[in-house]
Structures are given as C-alpha cells and as structure tokens.
Amino acid sequence: MSGILRLSHAVIRVPDLELAHAYYTEVVGLIETARIADGDGSVERVYLKAWDEHQHHSIVLQQAATYGLDSLGFKVENLQDLDRLGEAAAAAGLEIERFDPGALGPGSGHVARFTAPSGHVIDLVWGMAQVGNGLPLNNPPPAPDQLKGIHPPRIDHIFLMCEDVDGITAFFQEVLGFRLTEQIMADDGHQLVTFLERTHTPHDIAFITGPNGGFHHVAFWVDEWSDLRRAADTCAYHGVHIDAGPTRHGATRGCGLYFFDPAGNRNEVYTGGYWFDPDDEPTTWTEAEMGRAIFTYEGQVKPSFMTVHS
Amino acid sequence: MSGILRLSHAVIRVPDLELAHAYYTEVVGLIETARIADGDGSVERVYLKAWDEHQHHSIVLQQAATYGLDSLGFKVENLQDLDRLGEAAAAAGLEIERFDPGALGPGSGHVARFTAPSGHVIDLVWGMAQVGNGLPLNNPPPAPDQLKGIHPPRIDHIFLMCEDVDGITAFFQEVLGFRLTEQIMADDGHQLVTFLERTHTPHDIAFITGPNGGFHHVAFWVDEWSDLRRAADTCAYHGVHIDAGPTRHGATRGCGLYFFDPAGNRNEVYTGGYWFDPDDEPTTWTEAEMGRAIFTYEGQVKPSFMTVHS
Amino acid sequence: MSGILRLSHAVIRVPDLELAHAYYTEVVGLIETARIADGDGSVERVYLKAWDEHQHHSIVLQQAATYGLDSLGFKVENLQDLDRLGEAAAAAGLEIERFDPGALGPGSGHVARFTAPSGHVIDLVWGMAQVGNGLPLNNPPPAPDQLKGIHPPRIDHIFLMCEDVDGITAFFQEVLGFRLTEQIMADDGHQLVTFLERTHTPHDIAFITGPNGGFHHVAFWVDEWSDLRRAADTCAYHGVHIDAGPTRHGATRGCGLYFFDPAGNRNEVYTGGYWFDPDDEPTTWTEAEMGRAIFTYEGQVKPSFMTVHS
Amino acid sequence: MSGILRLSHAVIRVPDLELAHAYYTEVVGLIETARIADGDGSVERVYLKAWDEHQHHSIVLQQAATYGLDSLGFKVENLQDLDRLGEAAAAAGLEIERFDPGALGPGSGHVARFTAPSGHVIDLVWGMAQVGNGLPLNNPPPAPDQLKGIHPPRIDHIFLMCEDVDGITAFFQEVLGFRLTEQIMADDGHQLVTFLERTHTPHDIAFITGPNGGFHHVAFWVDEWSDLRRAADTCAYHGVHIDAGPTRHGATRGCGLYFFDPAGNRNEVYTGGYWFDPDDEPTTWTEAEMGRAIFTYEGQVKPSFMTVHS
C-alpha cells in the first residue's frame, strides 16, 4: 500500500468572492484555472493553483455567507487507495460518498468523501486534472516570468481546530496512516496540539484544541527565509493584515509568516522544517513551553493566534 | 508496497583516513558515531552522520588504496521491502546477499546487497541503529550548539557514472520503483544524464554517462541559498578546492556548491528543487542545452565537471 | 571642514558586570580589549569591540547601580574638528571638558566632552587606539575563525530619549552638523521621533520623545536579513528576551531585531537602509502612521517598545 | 573641506541604443528620465537612474561606434569643491573645463571636467537635478511597486583600466582626496590593482593594469546575497551572458555577479564589504594571491575577466 501522498487542496469560504479573488491572485499570486457560476450567472467558485503545482487546483474559493473551511483534500497515489482508505474510514463508522472525475467540478478526479470526527469534510482524491506548471517540458527556465505577489510554488499544510485532539490524532494515525511528528501536551495528559505527516516533512496537517470544524490556517511553501521578508513586504504594500512573523516555530523548526485574507481566513507562508523517517520518535512539548513551541523568538503565543479562527 | 524510502548512506574510499576524517568532521561538520580497526589496530572505517539525521551513519569513510565509491545504501520502509526488492533484483538476474543487523559493522541493519548493472554495489537497508539527532525529544531548541564547519542537516542525493545510462535508468525504474524526473538526451536518442527520485524531490540518485562504477558526487542538503555562501566561505577558509558554484542547476532547479574532499571525492551542498508527484511528466533537456541544464548561470559545463571523478 | 565621522562608542551601565560581560561576549559576540578595576581590585569597566572594528572599543560596560547609558561618543575626522565642534558647542552655551589620550581609560583618544541639552553626555573623539580587526593586513581571509554568538561586524547607531525632540534635533543639525533623514510628527506639529545622520545612512542617532537622558537602544550592523534570523536563533538558544522582530522598519527602511541585555538595556541588530545625499529631502511620517513608521509589518508599536527603556 | 561625496554617474558607449535601452530598463531595471536626439532626430543619449536614487541620472547611454566608457562623474558636496578640486587638478597639470547647469544635457549640474592621467574623462558634479526616488516624502511604502528586472537601488562603484596604476592611484589620493583601501602588488613592487574610496566603503573606484582609458565594469549595489541569485536568475531568464559569480571577492570582502550588456560593457551587482575609517590601514595582496583576491571561492581569475574589457 502507498496511501495518502500529500495535502491536495482546501476549499475556503469567502463572502466577497471578487475581493478574495483579487487577494489570492494579486497578493498571494495564485493562478486561476477555472470558475463556475450558479443558476443566476453569478460566480460561486474560483479554482486556483500555486505556480509550480501541476494539478488543476489547490485552493478553491467558495462563495458563502461567512468565512471558514468548506472542505479539504488529500491526494492518494492510486485508485486502489481510494477504495482501501474509504473502507477503513467506513469501518471506523464514517459515511463515505464517492464521486467520479468531474462530478465535483472542474478538474476534479475520483473522490472518496467523508466527514472526520473533528467535523471537517475530507476528500481523498486521485486523478485530478493535470494542467502543468507553466514551464515547458523541454529546456525550461527556472521559473515563469511575470509571477505576481508572493507567488509561493505550492501548498504545504493545513492547520485545523477540534475539541478532541487526542481522538482525531488517533483517527489520522490509525485509519489514514499519518505519522505523529510533534505534540504539545496539556498538563492533564491530553494532546493540545498535534502535528501529522505523510510527506516526511514536519506536518501535512495539524490539529489544535478548539471548536469542531475550526479552521486555523492553510500554509504555502516558500523556498527560504528571504522569501518570508518578501512576502511580508508584499503584505505591507497591499495593506494586508499580518498576524505574526516572520518568525521561527519551535515545533516543526520551520519559519513562517501569518496573515489574513480579506474574509478573515488565516494564511501562512512557511519554509524550513526537517525530514522525518517513519522510525523517528515524535517530539513532545509541555504545556508550559507552548509559547516557545509555537513562536520560538517571542516565547509566547499572542492572543489573536488562539482566538481568531474560523 | 512502500519500497525505497530515501538515500541512506555512501561508503567512500579514502587513502588517508585521518586526513579525510578531519575534513569530514571539521569542514563538512559531520559527527563521528563509530570507528573500527583491522587486525593490526589501525583504523579502517569511520562512521559519520549529519547532525539532524537520527540514524547511525550516512557517510562511511573506508581506508583504501585510492579514492572512489565503495558502496551506497537506500533505506526501505520495512523488512518485507527487503524481501520483495531483493527478489525483484534477483529476477532481473542479479546476485543478492543478505546480512543481519550488525553483520556489516556498527549500527548496520538488515541488508540486501547486490551489484547493479552500472557496477555500483547497492545495499537496501532496514533497521539501521537509531542514535538521535542530538536534540532532546522534549522541548528542544532549534539546533544543537557548537556545530562545526558547514554542518548540513542531512544527506540528500548521490550522482554516479556508468556506460549505459538508458539501461541503469530502466533498471532503477522497473526493478527498484524509482521515478524519472529529468533527463538530458543525446542527439542520437540516448540518455546522457537521468535524474530519479523516491522522495518526491528532483533526485535521490542521478546517472551521467561515464565509466562503470564511477562516482561523481554525494550531496548534502542545506536549507537555503545563504547556506551555500557560508559553505563556500568555510571551504575558502580551510583551503578546500571549490569545483563550481554557488550556482543554480537547470535540471532539478536546485542550487549547489561543489568541492572536493582531500582524497578527490566530490561533495556538493544542495538546496531548492521542487516537489514531484508520481503523475507528473519528466522534463527533457537536449544535448545542445546540456550546459544550461547543469549550470544555469554559466550556460556551459566546465571541463573538470565531466573529467574529474572517481 | 569634515566634522563628525560616525558613532564611535557607547558606555553602558550594568549592575552585574560579570553577567553583562558573558552576554556581550558569548551572545552578542563582542571581543574584550581591556578591563579596569577600581581601588579594591573589583572590575569596574570592560572594553569591547565588534570583530571588524579597528578601534579599541565601541561598547564599554560600566559597573553601576542600575542600567542605562553612561555616555556616548562620536568619532571626528581630525583634531581640528574637536576644537571647532567644541567651540560650537560652547557657543551654544554648553560646558566643554577636554581630555588627552589615555586620560579617560585604556585606548581613549583626544576627547571633547559635553552634556547635550537632552541630558546625554557626549564625547567627541579623535585618536582612539587602533587595535586592528583580527585579520592580517596581507592576503586576509574574509573573516576570523571562531567568532562567537551573533558577532556583528560593527556598531551602527544609537537611539535616545528626551523631552524636547525638536530642540535636540535642531542642536544636532546646527551645532554638530547632522542631517535630518526622517521624522515622525505629532499632530500638534512637534517632532515625536527624529533620525539624524553623518554617514549618509538613514541614521547614526535618533531621538524619541521620553525622559531626558533616556536610552532606548544601541544597534549593531549585520550584513543581511538572514543574519537577523541567525541572531534571533542565538538569542532563543541562550534564553535572551527578544523584544521585537525580525521585522522591517518603515522609517529608515531597514530591518532589525530587538533584544535585551541581562541588565535591561535594549540592543538591536540592524541591516538595510539606504544612502542619503546631503541634498536629499527628509521623509516625514504622521502621528497616525507612527506604528507603520516603526514596525512596517505589525503596523503598530508594541507597548513595551515605548515604555521599556533606561 | 568636504570634497568628493560619491560616484555620481557613468556615460557608457553603445552601438545599438535601442537594444541597450531595452537591456538597462528591462533586465537591469533602471528607470529612464530623459533622452536627447541629434540633428536628424535619431536618439543619441538616454538618461537612466536606479530606482532609489534621487538624482536625475547615474547611467547615460551614449550612441557610439563601439562600446566602452565615455566619461564618469563624481558628486561633490558643494560648489566650492568644484573650484578647489578643479584648481588642484589644474595645479597637477590637467586642463579643466567648466560647465553650467544644463550645459551638458538634461539634469546636468555644475561640472568641472578633466581628463585624468589614466585617459578617463572625469566630471566633478554639483547640483544635478533632483527627481526623487518614486516614493512619497510622507508615509512611504518600503519600495515602489512594479519595479522590473534586477532593479538595484543605486550605483556603487566603477572599475577602470590604465597602464600606470601607481601613478593614477597617487593622483586620486593626492589630488582628489581618495583613500587607498586595498592593493594587489606585483612581485616587482608595482601596484597591479588598487581600490580607492570616499564613502568609507571598500571602493568607489578601482584601477587594474591594462590599456589607458579602459573600462572594466560599473557596479550597482544590491542589499544582500539573495539578491545576487535573483539577479543571476534574471540574467539567465533573459539570456544575458554571465561572466562570473555569484561569488565572493577577497579584496573588498564583498560578493558580486558579473554580466555583460548587449554591447559588451561589463556590469556588476555587488553587496557586502565593510566600513573603512580614514585612519585604517590598507590591505595588501601579493601577486601570487591575486586569484583569491579577486575571486575567493575560485582561487583564480578566469581569463575573460582580464582580457575582456573596453
């Protein structure tokens, strides 16, 4: 078995789709690949990808009454994985829906959908349309010209909230095959925050204690620390509200910058981290050191980081 | 099946083991984990690891009459992989040797050994001893203090030479499950250089046309471009001969610096690159663009890069 | 006339001289050049320099009952400058003291001392002892080996507090020949913060509204943004309290990291900025934009930045 | 006396003015401020500035039959400097021409012109028109939006060739008030290369042994090492021939990238270096170490660096 390959995409709710579209294309620098309208002709979904991604979309903006996460997707290595992981989720008591390519909109592949015990809708995906990264397959330059804004090359990880972090962590490990890399433990022995991976990086997904279905942030990869300053300059230039950073995390050892889209959804650009082997031991942080675990330099978690989410 | 996880280690031949040891610990900044002596008490092998690796060794220095590569190893995800991949290699006509943990020296795990058609001795490894990365598992700082020299966090890839690049590439794809990410094609339709991966990076191993059993370089990962300048400063300070860089590669899109150990084995420190999905298309370079494929900025391959190897 | 060349040094008060010494040599990475003891043999002053400075000292630690700034010095280009600038200060109503080389301690040169209207003791210095930067004058490497901690190459600027920023700014312009590069204006037309230079950089000294004789921070130069992260890592490793950053300033356009010595004196490492010609116009910030003027990314001044000083 | 402030501008000869214009605006990212035509209406001069310069121009492209340097300019601090330095040059036996503002074209100020003993035409300039750096003087962002190509903030230094380096170095020191920072000495005791400054940086101008009137390169400042890679990427993207780098220089300790304009004039982007006090000692390199003095990492000067010039 191979299983889940990586985070595939996030569907993000935004009340003002045109404003969100402008932000994600001009400031974040994502590339639009499709849009769909509802019955009366008004746009209700915009499909976006980071420039170096080959697949059809990694961010979908969904017209909605309020902000938050609609759903997220993981890419699996082959079609059998959909069957096998779907069956595992069903055996764990979840209801599974299957969709054929295109059934869930432009570019969509085979999908097995379920709602995780944390309240998040999760799509396992295989066969999303490939659209290329804008570079020729022969003798390419290092990057396309005229990329806009921050232009991260790809999506990196997602950070969610739920009431029972122990429970969802066990579910991701036992049912979906994730490995635990780091955890912040409450003094009472519960997991406050957990970091889980399939890509041998510090995290593809993380959970922090909060309301079920909660969305803390989605993160894009950038190649190095100097890109975080450029991202912060871009945010500052466009008046985008920066929540924290550029800074270093204790947990994951990566560096990041947090900022908000116009609807209030938190974004991160992230770099660094480490390689994690399946036989490596997870790192544990105590509740007393949670500040340093999240923000190494500040040594404490700013209140907005815990209280502002969707 | 999961299969090969990543490059595990390289055993490098050096005529002057003390000199090589000083270089790999003081300049490269690797950490010694073991040494073994032969019958008369003189040291014949030194085991080294990069600081952030948890396993016992990634570089082994082997006392030998001349420089070059003794063998290399790939880590597999579980013991069944050894059986399965060993059987696949046997089915391809190769002779397989199996070793129990410790049989091949300090820290060694279960090993399936064969000589690839390219003339390189390859160990598939599972269960090498874990020694940790020098950081505590509870509330760790971002890095140990007092690291020396370049101190890359880990091994990244290996670059080998052989006569039949088409043949070895097919072997790595079909028998060992590697994926082709990039290739430089001769005008006559043969593969001049191929890049193959298991970690979804641009390469874990690459082959370039040359003598069978040839060793071009072993590369260590560093986190960013500024680390390449620090590595070059370190080399310059210690009088280490720099072969090329800091520069950018066309193929792999990464940035690197090449330099030689005292025996003449080429090392690289490398950063950048991209994520490669199993369903992504490989990139192809023409022979006319080989210069730019190897060295984007120079646009040509310096003669030493092709003629100096072991 | 040539006049003031650059900031020469700062004499900083510390209650625990051994602790401060350990911090400034191990964490900041300054180099001790001398120490003097008082009558009973206990050390009362330690002289330090940044590694690439040629002069005897740029930071002097002064045993004192509490933290704060004892005095600061500017280097002038020649001895006539001492006479001329001393006379100008005297003509402005200040009392001038003159000292011969050595009279003020190890390495000290010719000094003209006065207390500025802001309450700060200022030494104009010419002829401080030259001790070299640790590199040979023939065929040097880029840097000495074995530098410790952050090891900035040199002192950069100093940031002081006083009640009448308009007044001290006029004094520095008219009497000492400084040029105004930037200013933050209160809505009532007073200068809240001013930035003044002699080196064609954004600032060699700055004044912010506060108590007379107040010391906000002394800053060391580092070459680039990646050095700020390394400095922050060093602070985090040693448990040094970081006040703000790594971040970018609106005023001066530079990037910096603020942190505290064990006595509570604020330090900065700073990079970036711009070249300022004598015929360039100063930049003006409004009170409403003061947050962005100080911290571009945060868009607001954290309370500690204004309230914690000495 | 104050004297020469900094390098003001270079007038560069190009046979194909439209091609050179496209290169300097799209690849280097300079900004056009004026152009003038000759009698038949064809453009013969284009005036350019780097984005963060406030003055009218720092690069002038001059239509000419071949490539090379037409003239260069230094900015002086005030009008009396023109008189005084002009008189000093006249006393040294040179013929001085004086021009009023505008007499030498758009934006030109008061000029004292002479031909140095090295064969280079030098303008001392005061009062060139100020056009601003594109940022508002109130509450500015860190940089204008939509800068193109490499977009260095300003000109940094110029590197010239002449037969008698000893002689021109003495002239620059004694007549123009420059300070010697570094020198490469031939075994026979002559100066092969000299580095001279007025800005307390490692060099505003340098001379290397070669033909009189020779032009080796003009350099633009960038803020850090990561900008050199971005510059190299930009060159590679546009097919601009890179001559050397990104690399570090031994002399000046700076880092640079060399590349050619379409006419064959060499450009550099440069960063790093150090502060030089008037009482610091110059650094001396031996002829045997010239390779390391120019290119620390390579340890040798590539032939093109010495043979290709104008």
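Residue numbering begins at 1 within each chain, and the chains themselves are lettered A, B, C and D in the order written.
Rule of thumb we're sticking to: contacts are C-beta pairs under 8 Å (C-beta built on N, C-alpha and C of every residue); 3 or more make two chains touch, one makes a residue touch a chain.
Source: prediction; values computed, not measured.
> Which of the two pairs, A-C or C-D, is linked by more C-beta contacts?
Most C-beta pairs in contact, of the two: C-D.
> Copies subunit B and subunit C touch; is their interface built from the same residue numbers (over half shared) or different ones?
Counting shared over all numbers used gives more than one half: same.
> Among all chains, whose Cα centre is located farthest from the one for subunit A?
D
> At what distance in angstrom does the C-alpha mean of subunit C lie from that of subunit B?
Chain centres of subunit B and subunit C, defined by C-alpha means, are spaced 48 Å apart.
> Using mean CA coordinates as chain centres, what's the subunit A-subunit C distance in Å?
The computed centroid separation for subunit A versus subunit C comes out at 44 Å.
> Determine the centre-to-centre distance between subunit C and subunit D, using the mean Cα coordinates as centres, and give it in whole Å.
Roughly 31 Å separates the two chain centres.
> Counting only residues that touch at least two other chains, what does the list for subunit B look like?
142, 224-226, 233, 236, 248, 292, 296, in rising order.
> With touch defined as at the start, can you tell me which subunit B residues reach subunit D in the complex?
For subunit B paired with subunit D, touching residues are 225-226, 229, 232-233, 235-236, 241-242, 245-248, 255, 292, 296-299.
> Please output the residues of subunit C touching subunit B within their complex, sorted ascending.
My answer: residues 141-143, 145, 224, 226, 233, 236-237.
> Help me check something: in the complex, which residues belonging to subunit B touch subunit A?
1-2, 5-6, 52, 54-55, 75, 77, 130, 132, 135, 137-140, 142, 153-154, 199-200, 221, 223-226, 248, 250, 253, 271-272, 274-275, 277-286, 289, 292-293, 296
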